[in-house]
Every structure is written in structure tokens, then in C-alpha cells.
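The first chain written gets the first letter, and so on, giving A, B and C; residue counts start at 1 in each chain.
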Amino acid sequence: MKKAISVLLVFVMLIGMTLALTGCGSTKTTSSAASGSSAATTNAKLTLWINGKDSYISPDEQKLSQDQWYISQAIKRFEDANPGVTIELVVSADGETAHQTFKADAVAGTAPDMANLWTGQYTFQLEDAILDIKDLIPADDKKNITGWDAVTSTNTGAILGYPTSDNQVCFFLYNKTIIKECGLDFEKDPPRTIDAFNKACDAIAAKGYQPIASDDGSFPWFGCYVMNYWWAQQSGVDRIVSNCAGKTKFADDAGLISALTYYRKTMTAGYLNSDAVTSTDSWNKFCQGKVAMTPQVSSVIGDAEKALGADNIGVILPPDFDGAKITNSTIGGPGQDIVISKATKNPDLCIKFLSFLNSKDEVLKFEKVQQKVPTRTDITAADIGVSDTSATAKLFKFSGNMVFWIDNTLTSDVCSEYCSQMPMVLSGQMTPEDFAKDLDGIAAKSAK
Amino acid sequence: MPSKTQGAASLRRGTFQQRQKRSALLSILPVAVILLAIKAYPIAATVYRSFTNWDGLYKSDFIGFANYADFFSSGLFAKLLKNDLVLLLSVPLQIVIGLIVAVLLYEHVPGWRAFRAIYYIPQIISLVILGYLFKSMFSLDGPVNQILRAIGLGKYAVEWMAHGSTALPVMVGCITWYSIGWQVIVILGGMASIDASVFEAARLDGAGFWSRTFKIVLPMLVSTLTYCVVMSVVWTFTGLFSLIYSMTGGGPGYETMTLDYMIYEKSFVSGTQFGMACAISVVLLLIVMLITAAEMKLSNMAEKAWG
Amino acid sequence: MKSNKSVGRTIGRAVIFIVLLILAISFLYPLFYMLINSLKTLKGYYRSPFALPDEKLQWSNFATMISQFKILELFKNSFIISFLSVVGLILFGALASFAFAKVDFRGKDGIYLAILATLFIPTQVTIIPMYVTFAKMHLVDSFIGVVLAYWAAFLPETIMLMTSNFKGVNDALLEAAAIDGCGYLKQLRNVMLPMGWPAISLSIIFFFINTWNDLFTPMVLLKSMDKRTVMVALSSLIGRYTGDPPFQYAGLLLSAIPALLVYVLFQRSIINGMSMGSVK
């Protein structure tokens, strides 16, 4: 028995040791913010999740200490203006996982007050745990901020959060030097029809450059940035939504088949790099001046300008199919949002913070750190200090007329099948017709 | 067995055997408690939810075997299982190569100390990095194809990762390469219990390398090799996530997707098919249990045969 | 005749050595790759990931890792978790393995299989229900939660490894110890541990490295910035649109060092070859 007791004692000691050590660890987390104000009327502590990538924190900022980040300083400004309030910033290492941990926390009852999620279906599927803020948003914000579609649930019409100040625009980024060398001028005479686009690609290929490059294997970027536009412009967004609901069929959707066929053609005609399904270096090749065009979003402009020089890069809208319902447009919209969970004890305070974060003042401060097309309509390119002739200024123009991200509009089951199987269509291992039938199967199952 | 020669003191606490048994059970207690507390609920929850249409949040209606029916009838199961079985081919490769290298190192091939240190290094590097590196190496214009073209085998310089038929062999190669170090080290550890004198004698008798390895070492390493086989098989079914994530993401399409990765797709990527993800987990659990049980049976038979 | 055979054998030995050498070089290559890329500028990296750096070597990547990214503090977190995990695994594992390997009791095989079976479910599946349980017990965002998760995840494997190794220990030694008056725990300490040291070293190496490199579990279970592990922090450096691979490689190389150290320290305890016999 003595031996048994000693075994148990060791066990208990070990647990005790770890508890003690973690006890030491957790005392550090009582935030250093808001130390002074003791005469607070509203002593509230909020938790805010922000994605560590592609959101309010840039990779350059990651090289600085946390209190120097834009978002930390914005939080401090809010705390200073609202004594007694502390906001704990939690960085979600992975945006995708953040949705699952938010879900798990909601089920466990420990959801954060505010969380940075991806817009569209990603947010809608968590609707049961998110506060509907339709009636809480200040009227000014509703007026001055665009992108509310991205956070308005297609199921219930509830508004599920504030779009982040990053109104992404999709376009073809192009290398001005190469285009000039091929005798083309995309600023004065951009290819607006599919025919003109084909001719331009032929001219580029004739000069020995790769007309278009994209890495469409692990995720179909070209597909989601541009091909989806070709689909939406021919079928209309309503048709896409009703396909997903099972009311109409993907297989009968001529716009889809047409877009997919052309997508495949860009590869067979040699316009798109032949290893698009496995390549990882299309961006590198573009930066080295070997590629004429690459389908991209606003976020890369900064890197592109650094790599090739601001004078050498330009942006154009994707070409339009003849007879399309939507023209002179492109895919875009805020890709991320900040939601307020239903379980929060301080909804009004959360709204106050989100409104603060999206105020003109704050957005301008944010733009100094990361240049993005804002979702506020009262900020012009000039306000951010962007020259009229720059690519970013053009993006501002484009952002006024966009089709919201189709992959965020699709239901999540259809979307994941769609994104998985696209490389099969691109590489010719699956026909567009079979692809459409596959999607119908998924839509039918989830419609039940 | 000196069981009754202890004296009065032992008679109070029971026989030696009884005390051993009690201590044994007590020493298993912490393990049992930890596993029950932490794993039992998730596993039970998974099995239960596999019979529902759980979306990860609040919706969870009982739908019986619908998930399973869907999964088996969609043709997806067949494809995923096939991919898993192909990847499983890396196991015999790993073990044979590992065994040969281990014996070589045991016999103090020149440089054996350095080799023993270096061979384990891939295991220290994250699989995500290695997967990404392999993917770059086998890209259309990557080093492998460059070499093939340079030596005149240009027609084999294909886009390796774009088709299941070429991507899976590359993955098998990568897994084998990565695991050699692990196998070597485990087998070397197992060889500690081999009587060196038997080995010496065989060598002096003139037994060649192959007969030394396969006729003498192999029978003495049954329980170690069982461990290697079981763990390698289980790892292939449940631990390849990082590798697949960085090499192909299961693609193109589902060509390189495994059961384990599909669980991730259905739960983390798709976001609402948690019930289905649970069903696939249960199927995976049953398959792995079956295979492991078969392995243990074979191992028992081998132990009896070679003693 | 004799000279032919020995020439043949020498050629054979040379071939073997060359093959082993080529393999060894291939195993070292990833470290080399990470090194040259960590010393490049972002532009240099984009030009070619496989070439040697052609600009000034960016040692600043490493400096920034230590000063601004505070990688050493992240090391502390990872180390606490890995250390506690390994200690627990060895302790509980050795205890239980001794029982499985050397003592006969009712239901032994059944319990052993049940323990093994928990291995067959991948972490992706169990992480969310586990998370919910931990959240209710306030174990989320604590090191102990992660350590417990690792104990549960790796104990079956530890037990499998140690049991198969302990089985090989000579029964006579145990009997001798028992006659000397050693109880269960003393037998464990005096006989099994020294004889089973290869298995224990192996376990220390495996599970330190596994827990050190693991991304998934700490990513889900830990929230606070100051509790992040090295791997989780490094993974946030490459996003969809922007990223700094050279910087990340510098971090990855630095974080490989503790793992390498543990390996180098303990791998000598594993069989030294024919010089070590089992006759004591």
C-alpha cells in the first residue's frame, strides 16, 4: 500500500507542479492597459480576436513589438477615450481555424466579445452565435461604409458585423514594360472583350513572355478572382444563389459552362502557365519580369510596386463576354469582418468600438500603415496620398462597381467542393459538365 | 519462483504475485484516468455525432446511418481508401530500408556515428516545410525535372503533382525518405537487447550481410518491428495531415486526398458537415483497428514461431 | 581467389558507404535550404529559392527574430510545454509499461488494446469536443491544458514503445531484485529503468520533438499572445497575400536548435553497437 500511495503522490505532485507553473504564466496576462483610471463608471473588459495574417496586422509590423502595432495603438486610443474599459487583443494564428475555435467557444460558452472572421458564408454559418446588429449600427456608419452585403445573412437578413476596412478589388495586374514591348497600351486601350483579350495574349506569347501566370492548385485564385466574374456576369448572381439552393441546376447554367470552358482554354491556348495546377512561383516570375499579367487583389500592389517599380505596374479589369448581364465590373468586396458574439455582456460598448475603428480618423491612421482600399465611401485616393496615376487610384475607381466575392456567396458545402474540383477542370481531368453535375449533387444534399 | 519464502511481513500484504498485481493495476491507473478524462468524451461525442447532421454549432438532429450511406455510396470512400492504401506502400519500404541501415550502423560502418546523428534530422524539421520543399523540387521546372531533362529522360519530366498517378508515388517517396531516420533509431534501440555474442558468432561463421540481417536479427526483433509496423501504419492513416496540406492539399480534386484529410475538409474547411466528418472518423477508426488487430495477430504468431 | 573476394568486398563496402553518404547529404539538404533562404532578402528569395544568396547576407533576419519577434520568450513557452509533457509521459508510461510487460493480470490484453485504440482517431476530430470540455474546466489558454492533451495523445505510443522494449529485459534480473527485497517500484527503478534506457531515451527524443514542432494543438488551445508557442507564432508570418519567407526561415532554423540539442544529447544512449552487450 505504501508503494501505491507514493505512486499517487507523485501523480498529484506532477499535477500540482504544472498547475503552479501555469499559475505563474497566467498572472502575466492581466493586461498592462488602462492601469490608471480607478474612478470608472463602466468597468468593462472586452476580448477582441484579430487575424494574424492579411488583416489589421502586417508582416512588417510583426517585426516590431506588439505595442507598436496599429491595432494595439487604436485599442489604446479607444481605452484612453473610454476610461474603465480594457480590450484584450488576441491574435488568431490562422484565419480558417479561427472560425472553428469561435464555434467551439460559442458551444462552450466562452466566446470572445468580438472576432475577426471571413465574410459571406464563413460568417453566415456561425449566425446562431453572432449578434444581429442591424438595429444597433449608427445611421452614419450605414451611410458612409460600403460592403454591408458581405455581412448580411442570406438566410435571415441579419447584419452580422462590420466589414473591415479592406475593400478588396480583383483585377489583372500587368507589367507595363512587357505590354509596351508587345505593341499594346493597356491604359489607353485595354482589352475589353474576350476577343481582344485573346489577341493581346497571342501578341504577348509571340514575344516569348507568359501572358498569364497563376498558382491555381491548392486554391483556384484565378478561378475565384476572375473566372467567377465571367460566370456571374453571364448568369447573374441571383441564378448562382438559386443553383446553390437547389432551385435551379448548375448543369443548366450556360454562364458557368461558358466561363469554365474559357478558363480551361486559357491553359490549352498557352495563355496561362501550363503548370498552373502545381506551380508555386507565379508571383516570383511576375516580379522577375517574365510574366505579363497575373490575376490579383488589391493587397499585392505594395509588393508589386516594390518589386517592379510603381511606374511599371498597371491594373485592368477582366474582359467582358459578349451579351453579359453585368459589364465593366469585377469581383471584390470586403473579405473580412468583425462580428460581435451573442454572448457578449457589452453589446453597446462593442458597437462603439467597431464604429470607432471604422471612423474616418482611424481608417486614415490605418491607411498609413497598410494601404488598402477602404470601405468608407468618404475617403478618396487623394486623402490617402495616392497619386492619381497610380494603380491604387484606379482600384479606388473600380471599387465603386463590384460583384461581391462569388466564393463567399456560394453555400459552404458547394464552395468547398467547387474550390477542390476546379483544378481538375483546369487541368482537363474533369469536364465542365461533369463539374456542374457534381455541384448539383452537393446542392441537392444540403438543400434537404 | 521464491514466492513463499518472504516471511511474515509478506503474508500480511499478500503474496508477492498479489502485490505485483495490485501495483501493476495501480500503475496503470494514472494512464487510464488521463485517457478516460480527455479522450473518452471526444471519442464518444464523435461516435454519437456521426449519427446526426451536426453543423458544429447548435444544430444536431439524429439522422441514423444517413452520413454513412452517403459516404459509401458517393464513391468517395473507395477513392480515399485507395489513396490511403497506396500511401501505405511506404511502410514496407521504410522498414526494409531502415532495417538494412540500422544493421549497417550497428556493425559500425565507417562514419556510423555521424550517420546516426544525421539520419534523424528530417524528423526534427516540420513536415510542412518538407512537404513544401518536395513540392518545389518536383514542380514542372524544378530540380528533379531539370536533371531528368539534362540526362536525356525529358519525357519523364512531367508535372508530377498534377495527377494522382504521379503525385502519389512522389508522396510515397517523400514519406519513406522522411521516415528512414525514425525506423533506424527505433530498430537500433530494439537491437540493444540482442545478445552481441550471437551476432559475433554468426559473423565469424562467415554469414553474409543479408543472412545476418534477415535470419538472425529479424527474428530477434519481432516485438520492435511490430511496434514499427503498427506505428507506421497508424501514422500513415492519421498523421500525414501536415504533409498533404503542404504538398497537394488533397488535390487536384480528391486525387491525393486521404480519409484523414477528408475529415479536416468536412469539418474545418466546409464548416457545416461536422456530422459527416465524425462518420468518416468512425470509419477510419474501424479500418485502423482492423488492420492493427491483424498485425498484432501476425506478430504473436511470429513470436511463437521464432521465440 | 582470396584477392577477388576481398576486392569485391571492398567495392561493396565503398558502394554502401557512398549510398549512405548520398542519403545523409539529402537529409541535411532541408537545413541547408532554410539557411540560404533565411539569409536572402525578400527579392532575392523570389528570384530563386534554390540558388545561393547573391546579395549581402541578411543576418538581420536572425537578429530581428530575437529582438523584436522575441523568439526566446516563445522558446520558453514551447519548452515548458514540451518538458512537462515529456516528464509526464515518461513517468506514467514507464509505470504502466512495466505492468504490461512483466506482470500478468486479468484483462491485460483488453486494457492494452483499449489504450491503443485511442491512437486511431486523428486530432482534427477530437480537438473540438476536447476544446469544449477544456473550456468548461477553464483549461483553455493554459499550458496545463496543452500538456494534458499531449499526455492523452502520446501515452499510448509511449506505452507501446516501452512495453515492447521492457519485454526484452531478462526476467532473471527481476527475480534477483525481488529476492533482494525490492518491491514493485524499486524493481522499476533498479532494473527496468537502466535496462530499458534505450526506450526511455527514444521516448524523450520523440515526444520532445513532436510536442516542440506541433502546430495544431497549441494553435487551438492557446489564445494569449504571451502563451504562444514558437511554431504557432512562426506560422502567422505567411499569409495569403503577404509574407516574409526569409524571416520565417530564420525563425524556423532557430527553433530547430533546441530540438536538435535534445536529440544529440539523448541519442548516444541508444545502442552503441556491438560494443554494448546485454550480459552484465
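Just a few scattered comments:
As a convention for this text, contacts are C-beta pairs under 8 Å (C-beta built on N, C-alpha and C of every residue); 3 or more make two chains touch, one makes a residue touch a chain.
Since the model is a prediction, treat every value here as computed from it, not as a measurement.
Graph distance from chain B to chain C, where chains that touch are one step apart, equals 1. Ranked by distance of CA centroids from chain C, the top chain is A. The interface carrying the most C-beta pairs in contact is the one between chains B-C. The geometric centre of chain B is 15 Å away from that of chain C, both derived from CA atoms. Chain A and chain C have CA centres that are 36 Å apart. Chain contacts: chain A has residues 3, 7, 11, 97, 100, 103-104, 107, 281 touching two or more partner chains.
Residues of chain C in contact with two or more other chains: 49, 92, 95, 128, 183-185.
Shared interface positions of chain B, i.e. residues touching 2 or more other chains, are given as 23, 27, 30, 56, 136, 267-268. Partner chain C is touched in their complex by these residues of chain B: 1-2, 16, 19-21, 23-25, 27-28, 30-32, 34-35, 37-39, 41-43, 45-46, 56, 101, 104-112, 114-126, 128-130, 133, 136, 143, 177, 180-181, 185-186, 188-197, 199-200, 223-224, 226-227, 230-231, 234, 237-239, 241-242, 260, 263-264, 267-268, 274, 277-278, 281, 284-285, 288-289, 292-293. For chain A in complex with chain B, the touching residues are 1, 3-4, 7-8, 11, 96-97, 99-100, 103-104, 106-107, 121-122, 125-126, 128-129, 217-219, 274-275, 277-281, 412-413, 415-416, 420-421, 423-424, 426-427, 429-430, 441, 445-446.
The touching residues of chain C, when paired with chain B in their complex, are 13, 16-17, 20-21, 23-24, 26-28, 30-31, 33-34, 49-50, 92-93, 95-96, 98-100, 103-105, 111, 113, 115-122, 124-130, 133, 148-149, 151-152, 155-157, 159-161, 164-165, 167-169, 175, 178-179, 183-185, 198-199, 201-202, 205, 209, 213, 215-216, 231, 252, 256, 259-260, 263-264, 267, 270-271, 273-274, 276-279. Within the complex, the chain A residues that touch chain C are 3, 6-7, 10-11, 14, 17-19, 21-22, 25-26, 28-29, 52-54, 58-60, 62-66, 89-91, 93-94, 97, 100-101, 103-105, 107-110, 281, 283-284, 287-288, 297, 299-300, 302-303, 306-307.
Residues 13, 22-23, 26-27, 29-30, 55-59, 70, 74, 132, 135-136, 139-141, 159-163, 248-255, 265, 267-273 of chain B are the ones touching chain A in the complex.
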